Structure formats: C-alpha cells, structure tokens
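Letters A, B, C, D and E name the chains as they come in the text, with residue numbers starting at 1 for each one.
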Amino acid sequence: MNFVHSHILSIVLFTPLAGLILLMFIPGENKQAIRVWGNVAMFVGFLVSLPLVFWFTSETPDQQFKFVERHDWIASIGAQYHLGIDGISFLLIMLTTVLGFLSVLSSWSAIQERAKEYYAMFLLLQVGMLGVFMSLDFFLFYVFWEVMLVPMYFIIGVWGGPRKLYAAIKFFLYTLAGSVLMLLGILTLYFHYHTATGAYTFDVIELMKYPFPPNIQNWVFWAFMVGFAIKVPMFPFHTWLPDAHVEAPTAGSVILAGVLLKMGTYGFVRFSLPLLPQASSNPRIVKVMIVLSIIAIIYGALVSLMQRDMKKLIAYSSVSHLGFCTLGIFALTPLALKGSVLQQINHGISTGALFLIVGLIYERRHTREIKEFGGLSNVMPIYATLFMIVMLSSIGLPLLNGFIGEFTILQGAFEANWHWAAWAVVGIVLGAAYMLWLYQRTMFGTCDNPKNQVLKDLNLREIMTLVPLIVWAFWIGLYPKPFFNVLDKPVMAIVARVSPTYATHHPIPSPPGNAALAPPTPAEKPAAQPEAMK
Amino acid sequence: MIPTSWYLFLGTALFTVGVIGVLTRRNVIVILMSIELILNAVNINLVAFSNYLQSVDGQVFAIFVITDAAAEAAVGLGLIIALFRNKETVNADEIDLLKW
Amino acid sequence: MLSAHFPPDLQAIIPEILVAMFGLAILVLDFLLEKNEKYWNAVTALIGLSFAAVKLLTFWPDVIVGGPYHGFSDGFVLDSFSIFLKLIIVAATALVVLISAKYLEIEHAHHGEYYALLLFSAVGMMFLASGTDLIVLFIALEVMALCEYVLAGFLRRSRRSNEAAVKFFLLGAFSSGLLLYGMSLLYGIGGSTKLAVIAERLAERPLNDPLAWVAMITLLAGLFFKIAAVPFHQWTPDTYEGAPTSITAFISVAPKVASFALLLRMLFAGMPALQKNWQPLTIGVAIATMTLGNLAALTQTNIKRFFGYSTISHVGYLLLGVVAAADGNADGLTAVVIYLLVYAFMNLGAFAVILLMRRKEIIGDEIDDLSGLMSRAPVAAIFMLIFLLSLAGIPPTAGFIGKYYIFLSLVETGHYYLAVLGVAYAVVALYYYFRIVVAMFMKPAPDTIPLASSAALRVALGVTLAMTLIIGIYPDPFIGWAKLAIQPFFS
Amino acid sequence: MNLQYIAFFTLAAAALISAVMVITRRNPVHSVMWLIVTLFSVGGIFLTQRAEFLFAVQIILYVGGIMVLFLFVVMLVNIDVAVKQAEFSRQWPLALVTVGVLTAELGYGFYVAVHKGLNLPEVTAAAATASPGNTELVAQSLYQTYALPVEIASILLLVAMVGAVLMAKKQL
Amino acid sequence: MSPMLNHIWLIPLLPALGALIQLLVGRKLPKNAVSAICVGLPGLSFLWAIGCFFGLLGQPEHRFLLPLYSWLPGGVFHLSNGTLANFNANVGFQLDPLSAVMLLVVTGVGFLIHIYSIGYMGHEGGYYRFFGYMNLFMFSMLILVLADNYVMMFAGWEGVGLCSYFLIGFYFHKKSAGDAGKKAFIVNRIGDAGFLLGVMLMAVTFGTLNFQSVTEAARSGQYAVGSGVITAICILLFIGATGKSAQIPLYVWLPDAMEGPTPVSALIHAATMVTAGVYMVARSNALFVLAPAALAIVAVIGAATAIWAASIGLVQNDIKRVLAYSTVSQLGYMFLACGVGAFAAGIFHVMTHAFFKALLFLGSGSVIHALSGEQDMRKMGGLSRKIQITFYTMAIATFAISGIPPLAGFFSKDEILWNAFAGPYPQKALWVIGLVTAGMTAYYMFRLLYMTFAGESRVPHEVEHHIHESPWSMLGPLVVLAALSFGGGWIGIGSNSPLAKFLDPVFENPAARHAAESSAALEYGLMALSVAVAVAGIAVAHKYFVSRPVTPERLAVPPGPVETVLLNKYYVDEVYDALFVNRTKDLGNGMAAFDQIVVDGGVNGVGFFTRLTGEASRFWDKWVIDGLVNVTAFFVKVLSYPVRVIQTGLVQNYAWLIVVGVLVFMGYYLLH
C-alpha cells in the first residue's frame, strides 16, 4: 500500500502502457478479445486513478504539488523524471481517465476493422495525455506532449471520415509547428536559468524561483503562446479543429475535445502564468489575449450557428467555449482562473458527451447532416432526453455544470474589466441560440424521413457511456464546492505571481446571509475519507 | 630567382583551363584529362612552395597527388568502359537517366 | 595481443590494420567460395569489424585517462573524438554488411569485392577521422572516395548504377581537385602539412589575407561536396537513386560521418583562426542546405532519391551545430557528434526496411511500394514508423535528442533566427516523412509477394531500432561519451 | 640569371598552350597527345625548381603510365563517332562566363596578395643549410615522416586495381 | 420555529421529484398515476407553503432564512472600491412577506391549473411529458421565488425560461410552436444577459449577492440617492425584467407564446413566470429607491407597454391573443406601480392579476375545449347559454380586470392609478395613460366577452352540435379562481391594508407614504373617475357588440353614462365612430401592423444579421485563415519544383553549380 501510495502517479501513468503491451500479445483476428481487453485496460486505468480522489486532500496539504516523484533521468542535461499534481492537474487527470474509458467504451461497435491498432493507439494516447498533466519537468512534459500527437494522428487518419488524411496531417502539422516553437521557448528559459545560476535544470518548480528578465519573458511568452494557442485553439489558429473533429471517429473527437484541447489552456495556466508573470500580466499582452478570446467566443458561436454538420457545429462551439477558458485565464483574477479550470472540466464533460451523442446517431445513420434529421424525439425518446440534458449543460443552464464555470469566469472577468464580461455575455446568448436551434432541428418537428422512423433507441451500453458524464454534470452544477476547494490553493498560488494584490489576502468574514457557512475545509469534500481506503 | 607568385599565377591559369575543360567538354575522357590538368596545377603550386620553403614536404605531397591521379584514372577509366558497354556512348550529357 | 613488441605508432592503428587485413582476407577467400557460400565473406567482414570495434573500445579508457596519442610524426592522432567517430563508422559498416547479403543475392552481385571494398573504405574513413596531416587526410579521403565510386557502380549491368557511379566519380574527382588546390595553398601558407602548424601560422596572418581566403574557400568547397551541402550537393540524389540500395544506405551514413570528422578537424584544428571567415559561409550554406533538402524532398516519388534529399536536410541541421560550435559553444559540437550517432542508426534502419521491398521482380524503390505495409508486415511497418519519427525528430526517439542539442546550441549562441528556421523546417520534414507513413498505414498493398527478409537483416533492424529507442529514452550515457568525444576541441 | 626566366616562360607558355589545346581538340587522341606535352612542360618546371625526383616520377608514372592508359581507353571507345559529334556541351557559354568571373576573382585575390607580399613563412634554417641530393631527402621524408600516407596509398592503389578490374572485366 | 419552515426546501423539491419521475419513467406510467403524482406533489407543496406561511407569521419581523450550503464559494475577489471580499453564493431559502405572497400565488394558482390540466390535456399525446415539464416549471419558479440570493434567483429565472421554452414548443410537430419556443427563450436570454451583468456589477459593488445583505448595504446610507453605479445596476436588472416580463422592447415573444397549450399560457404566461420581473424589481426595491432615474425608466416603460399592448388588444380576434396582449398591458401596470415607488401596489396587482388572468385563460381554454379547438372569436358567439359556468366565471374575471368594484382588479388597479397620480412625479402623464389604458382594457375585455358569449351563434354547424360544458376537473378551478377574483382584492384595500402592512417590512419606500398622506377626498374622486372610464369602455363595447344589430331608433336613447352624449343624441354614434372607435381601431390596426412589421421584423432582422455574420465568418474561416495556411503549403510545394529543375541530371551542370558556389564564396570575400 505504501509503495502504491508513494508511486500512485507512475502507476496511473503507466497502467495504459501495460495494457498496451499485453494487448500486443492478443492475435489481431480475435476482435472480441481485443475489444474486451481494450475496455478492461481503460477501465483499470480509471480505477487506479480513483485513489487520487480519496488521498488528494489528505496528502501533504501544505505543499503546492502532491504525490511528487522525482528521479534523475538525463542527468547530463538536468532533465528529471519528475511527476506531481496540484488541484488543477488533479481534476484534468480525473477527466482524462474517465473520458478515456468512456470513449473506448463508446467505440465498442463503431470500430470493426483494425481494432487492435485502434485500441493500442488509444492506450498510447492515454499515456501521453496523463503524462502531460503530471510532469513537472519541462523536458518530460515536452516528450509526452509530442508522444500524444502520433496516436491521435493515426486515430484520425486511419479510422476517420472521407477527408481524414488531410485532417490528420493538418492536425499534426499545426500542433507540431506550435510545439517546436514552444521547445525553443523552453530552451531559452533553460539557457537563461543556466547562465544566471550555473545549473542546468528543466524543473518547473526550480525555474519558477528565478525571475527572468522582462524582455526574455515577452519573447518566451509568445513562443509558448503559439504552442498553446494552437492547441486550445485560440482564434486565428483554430482552423485545424473543425476538420479534425469532423473527420475523427467519435471516440477521437471525444478525446480531442475533452482532453487534448485542455492541454493548451493547461499550458497557459501551468507554465505561461507562473513562469512568465511579468509578461503574462503585461497589459499589452493581456489585451491581445483577451481580445483573441472574445473574438473566439463570439466568432465561434456565430460560425456554429451556420453549420450544417452536427460535428462541425459542436467543434466550433468548442472554439467558443475555450474562448471563455482563455478569457478566464488572462483576466488574471482568482475567480476567473478557477472558473476557467472548472470550465475546462465542464467543456470536457459537455462537449465530450455531445460528441458521444452525435456519434450514436452517426453510427445509426452514417450521416451528420442536420437536415437529414428531425423529430427524433418521437422515435428515440431516451436519446432525446439525454441529448437535452447535455445540451443544457453546454449552454450553461444553472444547476448544470456549464453555468458554474461560465458565471465564475464572467464574474472574475467583470472584476478585472467589465467590458470583457459584457462582450463575453454575447457569447452566452448566441450559445443558447445555436444549441437550441440544433436541438430543435434534430429532435423536434415531425419525423418524416423514413430512414429515421426505424431508428432504435439507445441500448444499455450506450446509455452507460453517457450517464456518468451527466451525473458529473449535475454534481458540478449542484454542488461544485469540492472542486472549488481543490482549486483554491493552486489558483491562489498562480495568481499571487501574476497579480500580487491578491497575494496578501485575509479572507474577510463573509457577509451576513452566508454566516452559516464556515470557509471550506477539506473534510467537507464528500469522497474524502482517507482512512476509509487504508 | 623567380618569385613564387609567378608559379602561383601559372598554377591558377592551368587550374582555370582544367575547370573550363570539365565544364565544357562533352567527352567524359576529355573531362577526365581536364581533371588531370587541375591536379598538375596543384602540383605546380606544391613544388613552388616546397622550393620556396626549402622543404621536401611539398614534393612528397605532389608524389601522393600523382599516385592519386593514377588511381583515379584507373577507376575512372574502368567506369567509363562500363559506361560505354552499357550505353554505347561516352558523352557526359547523354547520361541523364537519373534526374529530378 | 602482439602489442608487446609492437611500436606504439602501429599499435595506435591496429583497428585500421585489422579491418584492412580482413579486407584482403576476403579478397582471397572469395576465390575459394562457391556461389552459394558467399555469405562467408559477410561473416569475415563482420568478424574483422568487431575485432576493430573491440580494439577501439580498449583504447577509449586510455585516451580518456592518458589524453590523446600523437603518432607518425604528428600525422595521426588517437583521441576520444576519433575513437568515437571510428566506432560509429565501424558500426555503420557492420550494419551495412548485415543488410547487404540478401540484397546482393537478389541482385546477382554477391561478390567478395563488395565486402572488401566496404572494409577498405572503412579503413579510409577511420584514418580520415584521426588524420592531422594534410597528406594523410587527403589520401584517406581518396581511399574512401574511390571505394564509394566503385561500390556505387557495383551493379555493372545496371545503367542506373553505372550512371550513378560515373557522375559521382566525375564530380568527386573534380571536387577533390578543388580540395587539393586549397590544400596546396594551405601548405604554402603554413609551411607545413601538419594542421597544428598551419593553425599557428594562420593565426599570425591578418584575417582578410587573400591567400588564406582562397585556400579556405576552395578547401571548403571540397569538404562541402563530400558532406553534400548545397550548392555542392547535386551528386547526392542521383547517386542515391542509382546506386545499389545497400550502398545508398552506406554512403548516406558512413562517409557522412567521416567527412564531418574531416570538416571538423579542418575547421577546428586547422583553421580556428579563420573562424570569422568561415562561419558566415557555413551559415549561408546551412540555410541553403536545409531549405533545398526539405523542399525538394516534398515531391519525390522514388524513395531512395527521397532519402537523398532528406540526408541533405539533415546535413543542414548538422551544419547548424557547426555554426553554433564556431562561437566556441561546446554543445554545438556535442550536437554534431550526437546527431551523427543517431543519424547513423535511424537512417540505416529506414534503409533496412526499404531493402525488404527489393524482391525478385520488384525494384521496390518507389514510395508506393511501401503501401499497405502495415497490413502485410506490421512489425516492419512499425519499425519504419519509429525510424521516420526519429528522422523527423519526434520524442522519445533518438532523432529528437539530436535536434534538441542543435537547437539548444543555437539558442545558447543567440542564433535565434536559425533556430526558428530549423524548427520550421522540422515541420516540413515531418510532412514529407509522413507521406511514407500514409502509404504504409492508410493505403492498400499493391502486391502480395513476400518481403525479402533474412536473419541478418532482422538483426540489423533490431539493433538499429534498439539504438534509436535507447538513445531516445535514456540518452544520458551517450551524451556523456559525446561530451568526452569533443574534449580535443574544447579542453 | 635570365636563363631561369627564359626557361620558366617557355615552359609556362608551353604548358598553358598545350593545356588549351587539350580541351579544344575535337579528337580525343589529339587531346591525349597535347596533354602529354603539358605534362612534359610541367615536369620541366619541376626540374627548374630542383625537384628532380618528382620530374622523374612525372615522366615515368604520368606520361609512361597514366597517359598510355588513357590512350588505350580512347582507342577502345570508338573515336570516329566521338569525332563527328558536337564537341562542347550546351552550357559552354555560361560556363565560360562563370569561369571567367571566377578567374577574375582569383586573379584579383592573388594580385592583392602579391601586392601586399605573400608573407609566406620564414625558411627554416635547417632546411636552408642542409641540402643533400633531392632524392635522398624525398626518400627520407617518404619513409620516415610520411610512412603512414605511404601505407594508406598502398590501400589506395589496391582499391584502384580492384575497382578497375571490377568495372572493366567482361564478367566476374 | 416551526418544523415546516425548517424543511421549506421541500416546497420546490416536491415538484422537482414529480418532474424527475415523469422524465425518467413517465412513459411507462398509466395516465392516472401520472396525474396523481404530478398534481399531488404540487398540491403537497401548496399545503406546505400554507404551513410555512403561518410559520412565517410566527417569525420575528416576518423573515426566515435557511442557507443550506455554499453553492459558489468563489473565494477572494476585488470590489470596485479596491477592497477584497469573499465571493459566495448559497443554495439557501428566504421566506419573507414578499416571497410568501408570491409563494402562495404560485403554488395555489399552479395547483389549480394542474388540476385543470387533467381535464384539458386528457386526450393529448405526451401527457406525462406535459406534466413533467409543468412540475419542472413549478420547481424553477419556486426556486426563483424562494431564493435568498441573486445567483440562485437567476437559476430559477433561467429554469422557468427553459420550461416555457419546452411548454410553448409542446406541440413540437407544429413548426410555429418550435419557433415560438425558440424565440421566447432567446429573447429571454437577451434579457438574462442584462440581468447577469447587473448581478456581477452588484457583486463587485456590495461584495455579496445575498438579498438580505444587499438590502442592508443599500439602506445603510453609504450610497447617495442617484449614485451612478446603483442606477447602472438597476437598469441592467430591469433589462432582465423586460425580457422575462414582456415589456417594451422585449415583449414580442409573449403573444407568440400562445402556441402553447392553454393551461401553460395560464400558468406561465399569465399568472406566474411573467410576473417574475416584477417580483425581481420589487425584491430589489432598496436599490431602486436609490436610483430615481432607473425608477423613472421603469415607470415610463411600464406605462408605455400598458397602453401600447392594450391598444393592440383592441382589435385582435384570436381569443388567446387578446388575453396575451392584455397580459402584457397589465404587466405594464405593475411596472408602472414599481416605477412610481408603489411596490406593494405592484405586488398586489401581481396577485389579483394572477387570479383573474388565470381564470380568463382557463375560461378561454374551456371555450376552446368546447368548440374543439376553435380560437377565433368571429366564429363564436351566443355560447352563454350552452356553457354557462364557463360564461359566468369568465364574466366575473372580465369585470375584475376591467376594474369594476368590488372585484379584485378594481382595488389593485386603482391603487396603482392613485400612486401614479400622487407619486413622485409632478406631471400626471403616467396617470392619464393608466386611465386611458383602463378604458381600453374594459373595452376589449368586454368585446371579448360579447363576441364569445353574447349575440347569436356564429359557430359553424358541424361544431355546433357537440358543444359541451367542460368536465368538473376543469370547472372546479374556474369556480375557485372566480371566487378569488371576486374577493381576492379585499385584503388590499387602501394603503394600510393588511396586505400593505404585511409587506411593509420589505418595502419601506417614501412614495407610498407620500401617496398616503395626500387627501382622501381626492383619492375617492379619482377612484370614481377610473370606474367611470372603465364603465365607459364597457358601454362602448356593449354598444358595438350587443346593440349594433338593434334598430337605430333604440339608439336614440344614449346608452353610456356620459351626460353630453345624452344631450346631443343624434349624431353621437357618428361622433363615436368618427372620434373614438374607428380612430382607435385604426390605431390598433396600425399598432398591430407595426408590431408585425417593425418589432418582429427587428427581431427577425437581428436573426438575419447574425445569420449573415455567421455565413461571413464561415467563409472567412474557409478562405482566409485556412486559405493562408494552404497557400503557404502550396508555395512550399511549388518551391520544390525549381529545386528539382536544377537537378537536370547532367553532370556538367552540377560541376558548373559547384564552380558557382566557389564563385559566390569568393564574391562574398571580395565584398567582405
């Protein structure tokens, strides 16, 4: 147990890899076994990540990063095998393990040919994504960052739609272009740290301790910005996203939207802000980032209003939603930042679920043209109901997850500058417009298309792929407090670097009506019974 | 005593002639000869310097250059014969299977 | 062994002697072998190379501890640098021997001379790696070059092979003419053929001394030709396409390593004083080389030619390392050495896969011939994928470590624009390497004829893959050795 | 001592003119002949610089060996065809211009060099005083200082031999 | 304190439970079970509400707070004045007189309408769905009413909007229904955007969003009357209100909302949801009194909406549309009341209006039910004898809305008019408008009554023979509501009525006091005047819809109470025609047309514009951004051709290039 406890991150990280290796030994023609194994491996991957939930709050509450593991890796260049998570990465990791399993589960019947490679790719992808969120060493981070490109390329390129090759290579080239520039940024930091201190290290925590000169910070910021912005994707860099989403198989889209996009925002939060505080709080830069975010919000919404292809619509809606996340990041206020991280989780849940939903119908009809559908709620009531809930969570209806994130972001943005919030609110209105319109065009009306009249409603497996997400959506929507508790420390730590006015904050006694509520204590976190596990 | 620079000029001139030959003649054998001219230019330089420096290194170098010239000639001519067997030609601009 | 009553100078060249001896042995042995026993030549060659390798390894500690050994009246030096590169050369040659046997049988050209020449050129390269005297370097270079010419034309009946050889030969001879011309002037300037002396004399001369310039330029022209840098590269694609595939593999790796050894010796041991003069030229050439190599590779259909251009682009990256090193940055040189190491393995691995495609009826040197490889030979396809990823510099493969050091050195020396250019071309590179991936994984197989696999080839594949991954995932020791290897230049 | 000058100029002129003839003769055989003239005059230049041994090598090895080889090959590949065909490649004007410029540049370079004085290294006193017959000196340095190149050269020649046989032999 | 209060959260939760059951397993349940659950649970929560009401009376200063848990513990943030505060929003309940009144109205009327629906929706498809949504609506509405902070209120606020979306689009096979639903939701969202911004501004101003603490902060006197930020907050909040409560300019969705089933119109678009805006403004009264400018805007918008909608209502022929416009106009009244600071009066009117307007809708529903779906009044008439109970109940409601004493409508409306007259604004324009509107209201309501029930039947024969009175499940609620519309207003008579007293702790506003001080005589005079106007309206209606078929001689006797008419009897009708009716008709037509063309056109125009920009940006994406990338890729590819062209395959070209290389190097040196 003790070993497990101290190496939990490595275990979570490499379980999918182990699954992959074992998968190699299953003969390719035995599809059933492969399928089962693929799901089992992913599910185990999820199970081993569960202890994190129980141990997280109890684990070394005083330090910023928990479950830290560090060993020398490439001593000669100062690269280490250095894992560790804080609240932000913790949530993203849970999201990854859950979505990873669900997406694989969703492709049970969808993927018939080359199943072995398919599941192998997903397991590999899982390793890459988890690694990105866990590593505290730039070199390690970069390695995982790139590792995860390859399987995604294949998932799109092999099992994708008609223009899969174009989409796949476009995805790869865009991301690679960004990441190599990011590498230059990393090297610059690395080198300047060395000249300043004489030591070579990629250790993020170490690098944070050294105040880099402002001009360096600005240059590196732009290098990082390109890398992360392409991943997010922010406004001018977003065009790979629709293609990738439209062509990718369902599970691919789910992972792509649910997790991969978060890497960009995560990069901003984890690296740009803490490492380059002056640059990221430099008004000119902030202005640029905010403007890009707002453009993304409104622009993405407008474009998705016009789409004829369900997946493309959702893809563009991601652009809009991620716009909120970046807005939240660069508002540089604790509220906005918490909201942003929470919104990343929400987007993972809602949009992931939306892609699952589209995938379900695509599997039945092999088209995603909106005009092909209509009145489905007559033939597929369960489907319609689930779709409705997911859609509502995506348009940010209160008591569902979307609202919590958006509202917190907006409040934080408002706090920084009310114009930003005012502009962003437009996105909320439009968001309602395009989602409702989509729902109405597909679910309402008379079901006159004979092809649709024979559609079967969801079976248990399909329902099971959606239910966890919906439950999660309600959890965040109704009782987000645990998430805020988890996020509070790391976010304050980051904000303290970029806008010091919050650094010395004495939480003033909350106003009357709230008196009943003591400031959050870890004990209140529902699932947190350390001794329950031991 | 003749200044070394004169030899350098002579060498350069010979070198140039050789280069022109390489660039302009179609016949591969003649190109090979032009290369020999270049090698001779090199030898002139070497000997001139060795004479100036009163050291035999240059001459030794020149000997090796000649050795190399011999070796190259042997291999080169062998290749040319094989070429002629294959294509019935020794023209440099007719061997263009491999391009782009 | 016999080292007891053996003059130290000769001891220092025992590896070369061994390789040469086994080369001669093969020439003799060849007469005794029947047509179907020719593989014994290969075995002999391997034995010889492994002996040499062992001997080199025994040298390593002595050199690290006792410092370099200068022999043959300073014409020859045995230092960590030369040993490191010699090991790469020997390894590369051995791998080429492994991948050749089956291929030569298919080509009906399984002659002993092939292996003999391989070994002789290896000898030339090894001397090239440790020569410190113009004459030694020149002669060694010629040994290497002549063997390459002959090997390139080894398929005498094939017009393409022959044409490749002729072109290679004519241009090679011409370029060595230039090289010699530069050397002659350098001798005049330096008053000696020893690089050390020349370096001192050059340091005394003014920077813009025309004689030194002409010498340097003609010399560089010759050297750049050998490493296939733009605009002296044009023999590369043609020769690569025409030459026997195994030889293409060989000349795309081993001579590159040796030529870089020569280049580095010349620049850093011979003309450090002229650094101000040759660095800008190198920058220009590096940019041109990367640009041309990457762009031209985009639209190739013949995979050997394709790899010709890809080699050129890699040379561009190596030159970037040289540029950084010119600013006295040790990482720059480390980058070059590491890059040469990983490049040798990943490129040979890729060629090993390509050799699988050469079967009785099928030339198999078009990119389309690789189509559907995943469906017919998954292992080979995945190997190729890893080699290509490594060539494109995607972690955690060896290629990334090489690129990483190149970029690091550029950043450290403040050549940001070069770094940006380099990464930009890394993206382009990925684009064309993935054309092969697309063919292998997403296209149907054109034929069902089994691949030309063999035990030796599989061994070669295994070794190259292992090295590609090991260096990629745990490069620490290799980096350490590389750092030791460049000690002679940065002590 | 203008004898030296006369010798130099005659030999230089002969070398250059014959060289030009080499690359301008339509008939390869003539080229070979002219090349022999060039080699002789270059040999002469060696002689004027007290490089007797090298002169001998030039005559015996070059003229006696390599040129004969050339002659054989020229005879082997049928000349009459070559004679009828166009003599120069299509790029010759371009080539001439390029080389012209290059020569100009080189010439200018050397001119500047000479103008400022070549400032070649000082003659080592040892070499200046001790001057036994040239051949002994060459022999000594060949087999003492340059033993290694000689060794490698042997491999070189072996390779050349093997290669030539490999390429030229009808079947192996 | 009373146990019921401590579990006040049950009130919203019970309907939520019902909704959950329906949406999960409703399809499988038999109809009776469905109705039992979905009517029973709201009934329970109604009872619970009553219990809580009495519990509340026992509370000190009639206030009860029950914060359950911290919902949005956002943590530290900056106030606009630079100090740091702790952002937090609870899931918590607040019961005070204001919310108590709303609570009773919502649960009570809601419960009745649920009962009604059993009969009305009896033979509709998607029975369970309907009730599921209705319960969901109840839940959201109750959250809205019982929330103790703005964020939670916003949750309910959005929730009711959503439910109205679903219920309007209940007949989703009708495209018009779907569109109407969408229109409603999006127009609402526009308002919500304003609300949200207001809430945020409030948060950074006061550091809390809790009603209690906001009110205290506002009343603490640290904010001057008319302070800019407060005004901004109020205006933003009011934008939200205009959306939800269908005020100019955002009222356009409500008439279309009549696509929904009639009970929905009754519950959502008459009684409860649409009054949320009024409730919210009243809830924020402490802020509004600090922002006279905002109050003025509220008053003006309210008055304008009242007369605007009323004038449109004059000429509508669809029975439900008449009611819809009248609802809009009545809402205008309520805002007028708030605008003049008489929040109590506004809430009073909310209550009475809930009674009689619900009754009217249900009645019209019963009529439609009887006529098997006919909504056009021109095809009705003479029904009074055939469906008597419906007729009588509706008549009561009509009198109530027309402000005839002693019915409920009279007191509330009169309260409003009186406050408009005596309110803070010297000029009486608002009052005049209110008065005229009252007249119009009386006119069109009676027009409705007459056209539907009076005269001889214009009903087509195939429908004629199976006209039937509705079942008791529908009539029962009618009767109860009739009673309420009759006597419901008595608790609010005068400015210190029990209701006013009860509400006092919530509103301590100067306006009401000011109104109260002024002379009673004047008040009664005005009262009489308003009654007179109402009667006049009725008279006109009567003249045109009852007496018109009668012979001209009978017209010599002037019907209306107006003496002047009596004097010059002969050309009175012409005068009426000329001066009022036709003109008013024209006006109404004009308004209707304007509404159709300009306002709707505006909305559609916006829609069109967004679509346009959408298309534009799509193309921008496809051609410009993607284009750039592809063009770069293209050039890279193209560049690779020259590179290949120099690879001629001619060895001498290669040699030449080598020479060129050397030449370039030398050139570099020479230029160097």
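Keep in mind that, in the parts below, contacts are C-beta pairs under 8 Å (C-beta built on N, C-alpha and C of every residue); 3 or more make two chains touch, one makes a residue touch a chain.
Predicted model, so just to flag it, every value in this text is computed and none were measured.
J.: Show which chains lie in contact with chain A and also with chain E.
T.: C
J.: According to the touch definition, list the chains common to the neighbour sets of chain B and chain E.
T.: Neighbours common to chain B and chain E are C, D.
J.: Going only through chains that touch each other, how many steps at minimum separate chain D from chain E?
T.: Tracing touching chains, the least step count from chain D to chain E comes to 1.
J.: Please indicate which chain is farthest from chain E, where distance is taken between mean Cα coordinates of the chains.
T.: So the chain farthest away from chain E turns out to be D.
J.: So, comparing each chain's Cα centre against the centre of all protein Cα atoms, which one is closest?
T.: Measuring from the global C-alpha mean, the nearest chain centre belongs to A.
J.: Would you mind pulling out the distance in Å between where the CA atoms of chain B average out and where those of chain D do?
T.: The computed centroid separation for chain B versus chain D comes out at 6 Å.
J.: Nearest whole angstrom, what separates the Cα centre of chain A from the Cα centre of chain B?
T.: The separation of the two C-alpha centroids amounts to 67 Å.
J.: Provide the C-alpha centroid distance between chain A and chain D, rounded to the nearest whole angstrom.
T.: Their C-alpha centroids are separated by 72 Å.
J.: Whole-Å distance, chain C centre to chain E centre, using C-alpha means?
T.: The answer is 81 Å.
J.: Scan chain B for residues touching two or more other chains and write them down.
T.: In chain B, residues 4, 18-19, 22-24, 31-32, 48-49, 52-53, 55, 57, 60, 64, 67-68, 71-72, 75, 79-80, 82, 92-93, 95, 97-99 touch at least two other chains, as defined above.
J.: List, in ascending order, every residue of chain E touching at least 2 other chains.
T.: If we look for residues of chain E contacting two or more partner chains, we find 644, 647, 649-653, 655-656, 659-660, 662, 666, 669.
J.: Taking each residue of chain C in turn, which ones touch at least two of the other chains?
T.: 135, 139, 142, 146, 149-150, 153, 156, 165-167, 170, 174, 178, 188, 191, 210, 213-214, 237-238
J.: Touching pairs of chains, which are they?
T.: Going through each pair of chains, those in contact are A-C, A-E, B-C, B-D, B-E, C-D, C-E, D-E.
J.: Provide the residue numbers of chain B that touch chain C in the complex, in ascending order.
T.: 4, 11, 15, 18, 22, 28, 31-32, 35, 38-39, 41-42, 45-46, 48-49, 52-53, 55, 57-58, 60-61, 64-65, 67-68, 71-72, 75-76, 79-80, 82-83, 85-87, 92, 95, 97-99
J.: What does chain A use to touch chain C in their complex?
T.: Its residues touching chain C are 28, 73-77, 117, 142-143, 146-147, 149-150, 153-154, 157-158, 164-165, 169, 172-173, 176-177, 180-181, 183-184, 187-188, 190-191.
J.: In the complex, go through chain C and note every residue touching chain D.
T.: 13, 20, 24, 27, 72-73, 75-76, 111, 113, 116-117, 120-121, 123-124, 127, 133, 135-136, 139-140, 142-143, 146-147, 149-150, 153-154, 156, 165, 188-191, 201, 205, 209-211, 213-214
J.: In the complex of these two chains, what residues of chain B are touching chain E?
T.: These residues of chain B touch chain E: 19, 22-24, 31, 92-93, 95-100.
J.: Looking at the complex, which residues from chain A come into contact with chain E?
T.: Listed in rising order, the residues of chain A that touch chain E are 170, 236, 238-239, 242, 299, 302-303, 305-307, 333-335, 338-339, 375, 377, 381, 385, 392, 397-399, 403-404, 407-408, 410-412, 414-415, 418, 421-422, 425-426, 428-430, 432-433, 436-437, 440, 443-446, 478-481, 484-485, 488, 491-492, 501-502, 505-508, 510-514, 516-517, 519-520.
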